Amino acid sequence: MSVEHNCETCPVHAEMAPLGATVEAFDRVVALAGNPNTGKSTLFNSLTGLRQHTGNWPGKTVTRAEGAFQFAGLRYKLVDLPGTYSLLSTSDDEEVARNFLLFGRPDCTVVVVDASALERNLYLVLQVLEITDRVVVAVNLMDEAKRRGITVDTRSLSRDLGVPAIPIVARTGDNMMALVGEVAAVAAGETVTQPLRSKGTPAFEHAVTTLVPMIEAAAPGIPNARWIAIRLLDGDVPVEEALASGRLAELVARQQAPDARFSRKIALQGAQ
Amino acid sequence: MLVPSHGVLAQFRKYRVTQARERTENALKHLLRQATDGHVASFTSLQGVLRMSDRQLMGLTQRLEREGLVRSEGTQFQLTPEGERVALHVLRAHRLWELYLADELGVPIGRVHEQAERAEHGLTKEQLDRLSASMGHPELDPHGDPIPTGDGSIPESPGTPLGAWPPSTPGRIVHLEDEPPLAYAQLSAAGLRLGQVIRVIERTPTRVVLTDGENEFRLAPMVAANVHVAAVTTETAPAAWPDSVIALTRLRSGESAEVVALDPSFRGFARRRLLDLGFTPGARIRSDLATLAGDPRAYRLRGTTIALRREQSDRVLVKRLA
Amino acid sequence: MSAPIATTPSDIVREAAALRRSLDAGFREEVVTSLYGEVERLTRRAVQDSGSGPLELDQRIDRIVTSRLLGLPLMLVILAVIFWLTIVGANVPSQMLASAFFWFEDLAAGWFTQLGVPWWITGFVWHGVYRGLAWVISVMLPPMAIFFPLFTILEDLGYLPRVAFNLDYLFKRAGAHGKQALSMAMGFGCNAAGVIATRVIDSPRERLVAILTNNFVPCNGRFPTLIMLATVFVAASFPPAVASLVAAGSVVAIVLVGVLFTLVVSWVLSRTVLRGEASAFTLELPPYRRPAMARILYTSLIDRTLFVLWRAMVTAAPAGAVIWLLANISPGGVSLATRTATFLDPLGWAMGLDGVILLAYIIAIPANEIVVPTMLMVYMTQGRMLEIESMDALRTLLVDQHGWTLLTAVNLMLFSLLHNPCATTIITIYKETLSVRWTTIGALMPLALGFIVTMLTAAMARAWFGF
């Protein structure tokens, strides 16, 4: 990850081009997370030029889809994920999303939120902020919010959350450049974020900080030991088993390969 | 305290237990168990446990009587005080060893009984005391059974067998009997765990149906008898709510309310899902849509519309807003 | 707590258990509550809500769409209207395509003959492979090109979750999950996609129920069959003014039969192999949105219609070839096709069908789309049905020469609803369940039901109505 500012990334050359499904060679990985039905797939399509299916109901996307775009000379792999309400819940589609966010090591996670239901959407944002610094919040459906007389002050939101928050309209492609610019900056580490993290009770923090080094020692190279610690404290049996059987490492490895349980055909162009 | 005490283990391994000794101790253990369950042990029940021929078993019981550990009346047997002391010692060894295997050595819980059965014999009281101390004098073995203390007393076994537990009252599993092993294997295969909160939703002569709010467990009554439960202790007993707190289901269409709490008996994934959706105390909610059967209903909450089944909305406690 | 750094997973798990005891029982709940508290603070600062106009409209629509009286009837009406539009709209283009294709077949076969190509090459290429393709395109393309855009508009409007909401009570009674309605809606497009869509169901048991029953919604491959049968046979006995309405009605009826089977089979599964009660159901009902028309056209025409059509053509071409071979290899003077069909006739008769139809189903296992074309081709190779200028001619020929009755048509509709899923769906069931057992059940259970149901209706029709 280079932080240096060479001329390739100068704003003058900052132009964006969709690359479709060519994801073999890429420089950065960007994940699209968010509540169901907030327009992640729509945003994915408008950035990659692909035709991932969208629909006005929660749960349209249930698999991981990958595409690519180019910006300022760098190639970005964009991963569209199923919607999820929380990093704790686990229906099969949400697990796909959660596993990628936790173990897929994205360089930047874009959390797409619905401007007209911010309250529920920001809950997931806070959870994502707990596990990673490299977050950009895309406040989508701004057109709809406006029609309902809802205004969102993204500057205040951005200040409070400690990460960039960009208003967009994924359907029309409004403000895409600003979003992509922020994503690039965060992925490159040029924008230093200060994510809002609420502290738990002292006993809780103590418990977590005791477990994290143990987990890191037992499973070296595991991203998000903190999340695993919290799950263990919660008594999450599948996580316990995954840890005991070494499947966590496998889970990490699997996130790098395309969603193997489906043919790409069905995921991307199939009659989904 | 969590370091496996290999020294103790090594010493225990040195012990060569004779078969005779094992049988003696198993017989005593059986007599003790029958006594605590309020049954009387008989020749046949002993035979069932020890699987010996009539002649061998006769020899064994006669020897036990001679040594003053057992009293017999016809075909029934009882422990003498000395016999009870020995039996408690063996039981203590068994349960401590089980805990050691499960907790310190990471042996799967389904296998600890069988292994402990072999290892429990021929341990001295000093060795047991050290083992107990190395684990911080635990009170319960991995199945939730009380471990006898060094001075020979046995803590009261907590909980009520499932057979006697009132239906649809939430109860916490405090003990899963590990004998017979087959029944225990069934319980653990079904996914029942210590500490789980369950309710009996159906009890017939042929089966007992439990639910933890997420999954259902169907057990044969014989197997269900091996599950012991105790009352759920929660700070928020439902009875303590004032009258103004009602179930969300009772809200009429268009009425608004404030979420007070989720029913404590409502657990597991379903509860977590509602929390994640924002059904947290203080959240404002409005009853919005009802279907033909009045179930499910949809509610406005935090700028979204969420549909819930009656089973769920019954367990969301709310306070009407004017 | 003076625990040294332990590194085995079970040490960690045990340490976690020990630490857990030091925390309050409901600590995680407090975390959620405090996160939401934080969120409320954030939204208060960043969001200004000045009354809500369009939301009112949404609510008014929802009151109607989910109302006690109108909710379910409205669903049926919408479904019927979609089918009616499909049937009315597809009729003419289908016939035009058919005549164009067959006109060209004759022409091209003529050229081949003039050029001195051996007769069997001409037969194989034009009367085999090409004819298979021609049938598939003319029967399938027009209805799909109308049905899919209409259906996708409903999806984009946000109607599907309302359907799930309305139907949840029935699913609950059957021990299943209301979101099964969503996966069924996806099954209208393609059962394989429907099976994948069951991922939105939280409970593994209910998800398996949904996977196993998804095949009871007719997929795009089977719709054209149903539509053709409904138009050509069922509706034809009614006056032309209402014929298309009757046709739409009978397709809706078949879909309802499918829903009925879904519910009954779910109920049975929930009380036998997949025991359990219905669990929790949480479904978010999104606001209604204006459909994105350009995207809808693209998805439904390119992705769905052409994708499916392509798949059908890939299987239709070899099927056409196979049929041509079966029809033209005649040991002992009787073609293989006729032999097999004769062999299957008794079973076919018991099911109210005939041997040719069963043969067509066997040939069409790779893809359901080609059942009707295969059937017609086999009939044609029996030499009695040469050209089909219009759908009415098709009807006359089938009825007059092959003894079709209303029973044949109805049972064929039932059987195309209730039979084994196509190969792709079976593979998908395996990928999702990773279980040979469930895959086998998922493949064979609908087939067994199909046999039983058609045999019953055939027996009843014969006993009571003298078919």
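All chains are identified by letter, namely A, B and C, in their written order; residue positions are counted from 1 within each chain.
The rule is simple: a residue touches a chain if its C-beta (ideal position, glycine included) is under 8 Å from a C-beta of that chain, and two chains touch if they have at least 3 such contacts.
The shown structure was predicted, so the numbers you read here are calculated from the model rather than taken from an experiment.
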Based on which chains are in contact, what kind of graph results: line, ring, star, complete or other? complete
Result of counting contacting C-beta pairs for B-C and A-C, higher pair: A-C
Suppose each chain is reduced to the average of its Cα coordinates; what separation in Å results between chain A and chain B? 41
Separation of mean Cα positions, chain C and chain A [Å, integer]: 34
For chain B and chain C, let me know how many angstrom lie between their CA-based centres, rounded off. 48
What positions in chain B touch 2 or more of the other chains? 269, 273, 276-278, 304
Flagged in chain C as touching 2+ other chains are 3, 6, 8, 10-11, 15, 36, 161, 202, 283-284, 286
Residue list for chain A, restricted to those that touch at least two other chains: 89-90, 116, 118-119, 123
Which of the residues in chain B come into contact with chain A in the complex? 269, 272-273, 276-278, 301-304
Would you mind writing out the residues of chain C in touch with chain B in their complex? 2-4, 6, 8, 10-11, 14-15, 25, 29, 32-33, 36, 59, 62-63, 66, 68, 71-72, 161, 165-166, 168-169, 172, 178, 202-203, 275-286
Chain B residues within the chain C interface of the complex: 1-3, 103, 106, 211, 214-216, 218, 234, 269-270, 273-278, 280-283, 288-293, 295-296, 298, 304-309, 311-312
Within the complex, chain A is touched by chain C residues 1, 3, 5-13, 15-17, 19-20, 22-24, 27-28, 30-31, 34-36, 38-40, 42-43, 45-55, 152, 155-158, 160-161, 179, 182, 186, 189-190, 192-193, 196-197, 199-202, 207, 220, 283-284, 286-289, 292, 295, 298-299, 302-304, 307-308, 428, 431-432
Of all residues in chain A, those that touch chain B in their complex: 85-86, 88-90, 116-120, 123
